[in-house]
Every structure is written in C-alpha cells, then in structure tokens.
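See below for the structure under consideration.
Order of writing sets the labels: A, B, C, D, E and F. Residues in every chain begin at 1.
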Amino acid sequence: MQIERNAFIACDCDYSEANTVIFGAPFDSTTSYRPGTRFGSRAIRGESYGIETYSPYQDKDLLDCKIFDAGDPELPMGSSDMALEQIEDIAAEILADGKRPFMLGGEHLVTLGAVRAVHKKYNDLYIIQFDAHADLRDDYLGVKNSHACVMRRCHELVGDGHIYQFGIRSGEREEFRFAAEHTKMHKLTLDGIEKAAEELRGKNVYVTVDMDVLDPSEFPGTGTPEAGGARFGELLNALLSLKELNIVGMDMNELSPPYDPSGISTALSCKLLREMLLMLEA
Amino acid sequence: MQIERNAFIACDCDYSEANTVIFGAPFDSTTSYRPGTRFGSRAIRGESYGIETYSPYQDKDLLDCKIFDAGDPELPMGSSDMALEQIEDIAAEILADGKRPFMLGGEHLVTLGAVRAVHKKYNDLYIIQFDAHADLRDDYLGVKNSHACVMRRCHELVGDGHIYQFGIRSGEREEFRFAAEHTKMHKLTLDGIEKAAEELRGKNVYVTVDMDVLDPSEFPGTGTPEAGGARFGELLNALLSLKELNIVGMDMNELSPPYDPSGISTALSCKLLREMLLMLEA
Amino acid sequence: MQIERNAFIACDCDYSEANTVIFGAPFDSTTSYRPGTRFGSRAIRGESYGIETYSPYQDKDLLDCKIFDAGDPELPMGSSDMALEQIEDIAAEILADGKRPFMLGGEHLVTLGAVRAVHKKYNDLYIIQFDAHADLRDDYLGVKNSHACVMRRCHELVGDGHIYQFGIRSGEREEFRFAAEHTKMHKLTLDGIEKAAEELRGKNVYVTVDMDVLDPSEFPGTGTPEAGGARFGELLNALLSLKELNIVGMDMNELSPPYDPSGISTALSCKLLREMLLMLEA
Amino acid sequence: MQIERNAFIACDCDYSEANTVIFGAPFDSTTSYRPGTRFGSRAIRGESYGIETYSPYQDKDLLDCKIFDAGDPELPMGSSDMALEQIEDIAAEILADGKRPFMLGGEHLVTLGAVRAVHKKYNDLYIIQFDAHADLRDDYLGVKNSHACVMRRCHELVGDGHIYQFGIRSGEREEFRFAAEHTKMHKLTLDGIEKAAEELRGKNVYVTVDMDVLDPSEFPGTGTPEAGGARFGELLNALLSLKELNIVGMDMNELSPPYDPSGISTALSCKLLREMLLMLEA
Amino acid sequence: MQIERNAFIACDCDYSEANTVIFGAPFDSTTSYRPGTRFGSRAIRGESYGIETYSPYQDKDLLDCKIFDAGDPELPMGSSDMALEQIEDIAAEILADGKRPFMLGGEHLVTLGAVRAVHKKYNDLYIIQFDAHADLRDDYLGVKNSHACVMRRCHELVGDGHIYQFGIRSGEREEFRFAAEHTKMHKLTLDGIEKAAEELRGKNVYVTVDMDVLDPSEFPGTGTPEAGGARFGELLNALLSLKELNIVGMDMNELSPPYDPSGISTALSCKLLREMLLMLEA
Amino acid sequence: MQIERNAFIACDCDYSEANTVIFGAPFDSTTSYRPGTRFGSRAIRGESYGIETYSPYQDKDLLDCKIFDAGDPELPMGSSDMALEQIEDIAAEILADGKRPFMLGGEHLVTLGAVRAVHKKYNDLYIIQFDAHADLRDDYLGVKNSHACVMRRCHELVGDGHIYQFGIRSGEREEFRFAAEHTKMHKLTLDGIEKAAEELRGKNVYVTVDMDVLDPSEFPGTGTPEAGGARFGELLNALLSLKELNIVGMDMNELSPPYDPSGISTALSCKLLREMLLMLEA
C-alpha cells in the first residue's frame, strides 16, 4: 500500500532534489471583507488533477521538472504575528537548503512572512507585485499587519524604488500619493512590465501575484473583486516576460474558493501555477 | 448610541445639502423570466463597504461630494400602477427640491416612474439608454406596463428621436423595425456615444443604465443575460463621455443578486455607481 | 421520430381518458419576499424522472393510473387579474370535462383562480389548507389579490367555517383574530386532521398544499421559510387521511427552485405529488 | 426625505426609551475552520423583513416592545484584543445606561467582550451556554483568545459551577474532563434546562446561544456543523423556560451566511431572535 | 387540452417538413473530471424561452425555419458502447430521411456516435472541431471510447488531414505530436477558420462545437474549464464563416449545468444554438 | 521538510500496524441521475480536519486507534468492469494482509468490487445494507453492473437470506417482490436492526452504508434524495448495535459533494465515519 501524497500535480520529487519548493500559507485572519483564502492552497492542489502537466504555451512539461510540494502548515488563526513567524521559518529553511520558495496563499499578508526570509538572505531585494489593490496603507483600523498594508510593510524592508506595482486600480487617495513618491506603480494595466524586466535584469527579485489583478469575469473567486482587470493571456505574457530574471522567491495568493462556485478561478490558478513553475524551471 | 444608516458608502450628507439623491425602486413584478432585481438596491448598499471612496480613474473622492441616499420605499408587488405612482412621487419630490434623482432598480420598468416625473419638469427631455434589450414592445402578453415595453412607454412621453439606445442586441424583429423609425438605436456596441454626447450638449438628458448591457461574463447577475455585451471599461468610458451634459436624472437597474453567486455583479455595480456619482458631481 | 412530452412521470395518458388533469400556474408576481415559484411546476416535471412510479407507502403505481399533465400556460407577469382569469378558465374547462384539476403553482395566489372555477361548479365548497402562513390579510400594501390575502379572498367565496387551516405558524395578530371567528385554524401542527376528515365526509373538498407547511430543513426551497414546520411523514399521513373524501380539486404550490440549491425540495415535491396522485386515483 | 434605518424589524424606538439594546459584533478572525460569521448580524437585519412582528407562540408583538438596534461597529480583523475591547466598551455603555445588551455575532469569541462588561457590573454572574462545542480549550494552536477557548476564558471570570452548558456534542477529550470538574455540562441534548432555570432563579444570568447547537439540517449556515443537534422547537422551549430569570445580557452567534445558500438559517435566526426579544420584554 | 412539447424555442414543425432535426445525447459516463453534461440538452431546451427567436446578427428569425426537436433518448449510463449505438441509430434515421442531424450533448464522446452515422452516408467526410482540448489520446486509463479520445476515434474513420481543430490549448505532449502529423490543428485561437472554410468549399463537413473552446469567463459551466479561450463574438463569427459549406451534421456539447450557477453558460448556449440553426437554414 | 499525507484525520499509522485500512473508490459512471459521488472520498478526507478525533458518544478517540488511509486509486470512468476489478484487487490485498477494508465511495456499485473480494475469503458471508433504495433490479436500461442492481449482483454471490436491508423506501414494484422472496428487507425505517444483530452474532458480516438512507434534510448531498429517511442519531445507534459482530469489511458511499452546498452532508459523513471506525476498533 502506497501513501497518497497531497501535492500539486507532478510536484512530487524528493525534497533533496528539488529546485523549487511549494508550500501553502492557509491564513486569512486580517481579511477585512469576504474571507475564505485560507482554503486557496488546498483547492489548488485538489483541482490540479484536472489540468495537464504539459504546456502548449511554453512547450514544456512538469514531468521534466524537479519540484517538491511540502503541503500546508497549520497556522494559528487570530494571531498574525505567530503566523508570519511560522511562514518566515518555512521560507528560511527552504532558502537555507539552496532552493527557491513558492508560497500559495492565503490572504496577501502572508507575503510579508516570505519576504522577510528572502530579504534576510538577499539584502538588495526587488519586488514585483501584480495586484488590483495598492496595499500601501500604514494601518487598517489600527492594525499594522493587515493585508491592506502588506506592501507598506515590505517597503519598510526593501526601501524606495524597490517595489514595482502592476494593475493597481483601487486604494485610498493617500495610497496613490505614497506610491507616487516611494514605489514604481503602474496603474490600471500591466503596461510597463517589459521595461521593468529590463531594469531588473541581474537583480534579486521576489514576485508576488495577488490573483485579483485579473478581471473578476475570469477570476471571480476572490475576496474583493475589482472590475476592469487584466485578462489571463495578459498576465501570462507579463509573467513569461520575467523568465530571464533572477527570481529568488515567488507567491500566488488571494484565491477564495467559497466565492468560486463554478470553479473557474481555481482551475485558472492551477493553469497559471503550472506556467509559472515551468517558467522558473529551465 | 448612534443610529446606523443604510446608505451607499459616503452618501450620507444632510438631505438639504445634497445635489444628488439616491433612492431605490425594489420592484420586479413584471419580470417575465428570472426575477430577483427587487434585491438589487439593497445589495448595492450592503456591498458598497467593500470598495474605496476614491476613484483612480477620475482622481475624485466620494468624501468630497454632497450625496444623500434615501433608502428604499416599500413598493407593492403585484401592482405596477401603484408602484409606478410611488416612484414618480419620490422623484418629483426630489426634483421639486432642486436636486437630481438617481434611482437604483429593480427591473427596468421602474424607469417609467422616474421618467414621468422628470418629463413633467423638463418637457423637452432626451433619454440615453444603455441596454442589451430594445424594450420597445407595445405589450407583453397583453400587459402594457412591462419591463419589455418600458422604452415604448417612454417614447410615448418624449417622442420621436428623443431616445438614444446603445448596446442593443436582443428583441423581436418588430422592435428593431420600430427603432428604425422612432429611436436612435446603436446595435450590438456602444459605438456612437461620443457623437450622441455632442448632439445632446445643452439638452435635458435622462440616463438609464440597464446593467445587462454589459457582457454576462462581467455581469452574470441579471435576469436575462445576453452574450456579446460591453466590457466594464467600455461602459465606464461611454458614461464618462457624458460628463458635460445636463443630466437631470439617472438610474441603474436590473442587478439580480440571486443570480450573482460570486458577487462580482454587485461589486461591479458598486464601483460603476461610484464612478457615475463622481461624474455627476463636479 | 416521436415527440417528447413534457409531463410529470407516467402522467401521459390521453386527455380524454384522464380522471385527473395536472396543469401548472407559473406565476409569482405578488410574492412580497423571495420570488421564484414561477419555476416550480417546470422543476417538478423535470426532476420527476429521478423518482420511481411505484409507492411502497401505498403499494400503488402511477403506471396503473389515468392522469394527464397538460403542461404550463404562459401567464402574464405583472397582471394578477389576467393571470387569475386564465387559471380559472383552464380549471373550468377541466371541470366541464368531468375531470379533477390538480394545479402546480406558482405562488399561493394562484389557488384563487382554481377555487373560483371549482366554486362555480360546487357551490357548497370546503377548503383544506396546509400552510405555514394564515394568508388571511385583507390587503397587502394596498393590493387585494396578493398571496398574503388568498385565503381571505377564498373566504369571501366559501364563507365562515368552510376553510380548515393546518400548520399555521405565522401571520399578523389580526389574521389570527380573523381566523378565530371565521375559519377552523389549527395552529403550529397538523393535529386535528383526522377529525376534520370525518367532519368533511361527503362534502365537496378542495385541498391546497402550500409546501412551506413543511419544516425548512426538509423543504428549504420556498420564498418564506418558517422554522418549526411539519415533517414529510406527518404531511404524507395527513394527506392520506383524506383519501375517503370527495376531493374535487387540489393544488400544490410555493416550491421556489432558486432557493433549493441541493434539490431536496424539488425531489420531495415529486415524491409527495406521486403520493397525492396515487391517493386520488383508486 | 426620511432616513432609512438599518435595524432588526420593529427595533427602532429611541435609544433613551429602550429596555434592550441590540448591537452587532461582526468579527470572525479566530475562526479556525469555515469563516463568514462576520456577515451574520447584517444578514439577520436584512432578512428580518421577511418575518412577522407577531408571535403565535407567545401571543406577543414586537410592535409593543421598546428595543433599539444600534447596528454594527467596525471591528478590526486581525486583532482580537482590540476587537474585544471595542465590544466590551459598547456593552459597558449600554449597561451604564441601565439597559440590557443583546449582541449579535460574529464568532463565539465575541461573547468574551460582552461577558467582561457584564461581569464588571454583576460580579456574581452565571452563564447559560447553548452550543454544540464545549469551547473549553486552554489555547488553540497557541492562541488564548480563540473561539475554541471562549468558555474557558469566561470560566476564569465567573468561576467554578457558574457556567451551565447545554447541547454539547463535540470537543477534545480534555475539554470534557475539564467540564466534569468545573462546569455544569449537559451533553448531547438540552435536557436539564428546567432544573437549571430553577437553580438560577434570582441570580444574574448571561445567556449565550451558539446557533450550532441546532441540528445542521435546520441550521446549515454555520462554520462547524455538528450532526445530532437540537430542533428549533426544543431550543425555543428551552429559551422560553428562562423567562422568569434575571437575564442581564444575551447574545446569539455563529450564523455564517456564506454557508446558508437556501437562507433557512438566517430566517430561523430572525424568528428565534424575535422570540428571544419577546421573551425578555414583558 | 393541448400537449406541451419539450422543444427548443420555435423548433416544433412537423418532423416530415423539417430540414434540420435536433436531438439530445444526455450521456457523460466517461467524463474523467467534473460530470454533469448529461443535463446539458435539457437545460438548453428549458432556458430557450428566455431568448428571442429573432437574430439581429443575421436578421433572420427561427419562426421562418423548419426545424424539429426530437427531444432526448434515454441512454444507458455505464455502457458507452450501447449509448454510442443508440446515438448512431438516431442520427442514421434522420439522415435516411434526408434531414440534417443536430445533436446536443452530453460529453464530447457522443460525437463519435453521430460521426459514425454521417460517415456511413458520406464517406469522404471532413470534420471541423472547436475545442479547448485536443481529444486525441489513444486511450484514457485503458478506455478507448473516452471523451479524451473522441477525435482519435474519429480520425480512424475519416483519416489524415480530414480533421480541422481550432482553439486547442490543452492536451498531453503526445497529442500535439499526433496532431502535427495527422490533423490540421490551430492552437490557442480560432485563427485560420476563413482559410479552412475556403479549402472545404464543396466538401461534406461535420461541425462539432465543444463549448469549452470559449473562455471560462463567458462559459464557466463545463467540466474542464480552460483559461485563455475564445470570446462569444469570435466563435459566432467563426461559425458564420462556415455558412457556404455543405454541413451534413453538427453538434454542440459539454455544457454542464451543475457548474453554471448563474446560468450564463446555458443562456449563451441557447443564443449560439439559435445562431447556428439560423446559419444552417437559408 | 515533511511530506503532507492526504488521509482521514488521525488515520495515519504505518500500514503494517493497521487493523483497518481505508481506501477510496472515486467512481460514478453508472449513476443514472445526478452524478458527483466520485468526489465523495476526497471531500471526506479534506473536511475531516473540521471534526474532533474524540467521540463523546463512545468516549473513544481516533488517536488511540491503528488505522491506515491508503487514499484513492485512479479508476477508469466509462468502464465499470475495469473499475470493479481494481477495487476487488485493492480489497483483496488488504484482506490478504489480515486487515479489514473500509471503502469510501463513490456510487453504490463499487460495493460489488469489495464484496467480491470479501466473499472470496469468507464464503459464508452476510451483508447488512442501509439504503433508501432496494438496488435489486436485474438490469438498468440493459446494464447489469449498475448502481441500481448492486444488491442483486451481491445476492448472486451470497444467496438467499444473506442480505439484510434497512431503511428501504424506493424501488420498482418488482424489486419489492424480489426482496420478499430473497432478502430480509425492512422497509421505511431501521427497525429490526437489533434483532438482526442477534441473528448475525458469530457470522462474517459486510456492512454497506448508502448514506441516502438518511433523511435529505440531514444529508442533502446525494444523487437521489428520498424524503422520509432516518435521522443521524437513529443511524448512529443502529450502527453501534453492530459492535459485537464480526465485521469483515465495510463501506460508506453515495456522498455527492456537488449537491451539498452548505457542506453539512460532508461534515456528517466525517462524523459518522469517525464513529464507525471507533466502533470497529476496540
């Protein structure tokens, strides 16, 4: 009798051989509107058996890659500090073993845990963010470690000009003012990604994909859907344009299965994750 | 202890100070296919706390506007005549107080109540209609005051050439024949809106937005979804192109929350309503 | 090539041979809360192929019965008067042909149309009503022909003491006062049905079953679910206790498929309809 | 133009005249399984217009009561400590004004905030808990202020023998051991409530109703449904048996609308809340 | 009393007069992922009353056509061989009567039954396939007659170069290799359809439309949604470009109503079916 | 980095130490009505983390048991014969290793595969079936290996008087006739289970639980819900009454997650599975 693994399709090599290590961050305690992203990583794994391992976009196959999916840790709902520490520890262990962490959220706050670990290893770190929301508030109802503040916290780590933002179409007026001074924000669309890819050639780059950057028609299953987003093809092309970069960590977050009754958001997540993994692996 | 208002986000100034007054028309008794728009206005208010008050599209903020949301009257299901009278009375009171009515449906028939009031004040009235359906039948199964006839009834008030129709992609053959003679119909797309905006400069204009003009992928939550519709960005641009017009009344209708399981239609409605309100207010 | 009928399972004998004739009344214009019963009769027919024709409760089989299902007329939403007239005409035609009408709602108002026809033929008519709601208001927001008033309108036809009400657990205080004087109301439960059956032996009886008499756990798919209702077994037994009566017409209403996501309400309706038909047919 | 209130049906007297004050606690950050109770209080208000104000169970009418619904505060997701403080402040203000607080959750942790306030005023406090879960863990994944620990935290305030638990049918072995020594736990059913009511005559009693005490068939809309629960009628009778007690505060929690697709849990909550309010008010 | 037919809107002429005959193939036993297409044909008929018979795209009306809808046969779940035989028999009878079969799936495997019948009559047969998936596996888990193999089985009938594939964006690497040698595959988009239409002028052509060729945002209701698909307008134009061809049979499949909670996929299917029928009929 | 198992909660001992071995049978190709049970076993595992390991009913804890969950094999949809062989092989291997197989369906047909293996080892085998449906047809639309025939096939193996049926309330007249002669059928309720348990003391017994034996109010998530079923407490007690028997194999089937929108059926399945496992293990 064999043991059944709970892994993303074809991501079941030995840990020691893996180049990229997937782990989940099933946490959404600070979500201010519609919760449910805690179920995101589990849904992606479960539905991954509905897609193929082969990509006709890149003519590559996951069967040829060395990826290990470590599953989900049990994170303490109600304590963001403890959850972020656990996430940081997992990412740090993967990095210490010379591998690249790929985190599946969860709400966007979890990015802070992974970025802390990556930033400790790579001090001069750049972040590329795909997102509908600026996430640049200083606090949200008094809470500093909130999904709505995650890029502000990251900015405190990586500094001015080190965060590239794409697809942003929602935020307080103050967030847009902050961005004008401190980040490289591209509003409404993904335009400018090729130029950014050129600028970041040779740098250490962390890529965070808040899936609500997509149009709600293609990705309804998220807590705060924002009309007027990017198409799947646009996001795929934007991500593939990063393939020459030195990506030292990556995440994909904000899939909320309870708001995805038809399952198309989860299916899209599986497909895009396959493409991202194939892009990272030679 | 404060009283909690039930208003669209940031639309809570004193009535006396308001330029625009929102009110609901929760009525759908004549809906011939899938009912539920009676819950539209309530859903929009409830979900409005998931969006921001600031618009990066127009760089304006609802916090700077003077808008009052009067809530929903209790309309008698089963009696279109009584419901239309109540709607007309509310709109007339707002107009009498020198303010602009903004009605949230409900089914499209409710537009007739508001247009009657507006037409009494502004005799030479023009109507811009965004819609998937012509709504130009003379009757529907013998019923004259039906959602399927609402623009025909409006035509009886405002006359030939005073109704501009955009996005129309469904109707009986007879409706398209009628339109060819009596209205300015733009089929399938929103093309022609800039030219219409020019023609209507200086006129009194009522704008009615049947949300099913949008593509069902972006707006599934409506009674009669019609494939091949406009994108959010197209509709937003079309509406913003009207900003120089003298808009004396406006409505947004046909959101049916029971058919919006993921909530994206309601979220889009909130966002578009914010943009429309910001467009109306300087 | 045969023509596929759209009929309740096994109810497809020739009209001329039928003892009982089923017809739908897909109307819900006066529903004041959650609409959707217009889809009830269609759902019952469609799902009837998931049940068996044989009843282990009565040891009878629909295959041995003579029942004709006439389908649904197209009723004009928005005009209760016209809809009630159409319903009355259909029931009258069935009665004139010496057959028993069995109507599938729709909202409860449709009972008025059928009762009018039955009452014209059988002047001394008694009504047995299973329902969570008294439906005894004189008007609802000014509307006389409303679902909330249907038994009050029936009372105007059949008079004091001719309406037996069972399972009633919701209403205005005034409705309960009215019932105390004018109807035979059994509150909260179905207790008393056997005694009623005895009293009504030999009378002409119309039976109307508002399915919300059932507990919402067993029948969630209805517009106004009222906790504390009857169990399926209780309602089945209550109905079977009527089998010696002279039932001259019957209806089953208020199934609202949009509020039945698991389908159990529709499945129960099919099963109960089978039992009712088997009870009526020798 | 009138301002529309957002209140539970008929709970709109002036604050100063009210005996009972309703307020919401829309918080669910520590929910470890399926979130969504943050939307509970809002759903109850919105759906309350589908029920009657009159109760045939108690022959009383909300129209005769003096109840004020203060609406929902905006609680900070991600910080249980701040949320509990806000809740305690609201309850304390109501108590200071000589009124009885009635809180609508939200997850069960919110009870701790209200109990803190009530306990400050009434030192010798007894708690009656209706619940499927013991909620007696000392911590949950290291978190002390968790929904799974709320009665343990309350026990630290009110002491041994002051908590009566009914309907408990889930917990760790350790929780049942703790209960055997420190609380009065009635497992599986509500049996023993009359005896408890006698014992508590003349005491200051806080009543907390975790709606998952009900059977999931009647109340599916909750985060952790536990088969084998109480029926609506049983819970109603249990609550009515408390009517002679000196109830100094009360709450109702754990309705999770996202898991209530048919709406029966919300409708039942409205009905039960009406009965509880009528029970409290003479 | 008339018999109510269960037919697609306006497709109710006498069989003897019909040019095109619709029939359903409610079968999905080999679906490897999310089942439910067995309900597709029934849903399309039921919802067809929500669309108009007139097309503003083609300025034609179904009321002017001669189409007969024969309904659904009862196919044996669990036996693909028996089901395919039944389907072949139905198609053969229609062809023998000199009419064009139009089949409504069901899963894509059902195409094999129809193609077998058409191929017997027209030996030199060409197939145009719109699909997200190549469906070119030789077997699936050892099963030869599987939805995933249907075009491979068709290829065995019609031979090299006789299958034109459009919109393909998913498959095993091996399927794409097979296509490179044996079929005319157009990957990712519908580009090339006009050229194909030219090549096929005068040939006998069977057209099979797997609706998952559409983008999941417009067509969520299918078993295996694949992001990056065609828009409704693109597919409509592609189909209309075939209007000069000699189309000897056609099908539309893979609508899965259980995954279409908003109903937009079913509504789109109805509309597209109307357009296809109008395109086939002069 | 540890490997995450995909197992029912606390069923993760080493295979070699296990007394009971769980495995899934994700197959539903012959389901004639509403499919989806293929997702049953996966859903039960995934949701098992929402229940406790401790049972207050039996005062036992899964943490004290030796159970191994082997996960799901990949079964070929469309070929019942191949699927049944695979299932038989798995069960045979478990039996050969001296362990008890516990299978999670899938549709009820899968029971045939397990019973074949068990019957090969234990020739004088008795079966206890809990079910709403007799499942005694000789064939269904010509198919012999159908869910509707599974107990008829089992009867061919174990012979007259060896099958005890409880809760049966649906079937063709012919099935009930067959049962009267060949099986021990208890109609409608679970009455008689204690007496059966006595009769079967010392025999080899296989227990199959079709979850639709439960009332649809408690268990909506199944393909063919039949009103009038057993309560959770009744089924639990019936199962616990078997604890002295020599149970050599067991299964639980027919959970269909797509028809369980609130999740209560899956949650109940998890709880009942815990109780069954605790009952089997000392």
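Here, a residue touches a chain if its C-beta (ideal position, glycine included) is under 8 Å from a C-beta of that chain, and two chains touch if they have at least 3 such contacts.
As the structure is a computational prediction, the values presented were derived from the model and not from experiment.
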What chains touch chain E and also chain F?
A, C
Please decide if copies chain A and chain B contact each other with the same set of residue positions, more than half shared, or with different positions, and reply same or different.
different
Taking each chain's centre as the mean of its CA atoms, how far is chain B from chain D in angstrom?
41
The positions of chain D in contact with two or more other chains are 34, 215, 217-218, 261-262
Touch graph of the chains shown: is it line, ring, star, complete or other?
other
Strictly by the criterion at the top, what is the full list of touching chain pairs?
A-B, A-D, A-E, A-F, B-C, B-D, B-E, C-D, C-E, C-F, D-F, E-F
Okay, in this complex, where on chain D does chain C touch?
49-52, 54, 56-57, 61, 215, 217-218, 232-233, 236, 261-264, 267-268, 271-272
Using the touch definition up top, name the residues of chain E that touch chain F in the complex.
28-32, 34-36, 38, 74-80, 82, 109, 140-143, 145-146, 258
Under the stated contact criterion, what part of chain B meets chain E in this complex?
33-34, 168-173, 176, 187-188, 215-218, 220-221, 224-228, 259-262
Could you list, by residue number, the parts of chain E that touch chain C in their complex?
1-7, 15, 21, 42, 46, 68-72, 93-94
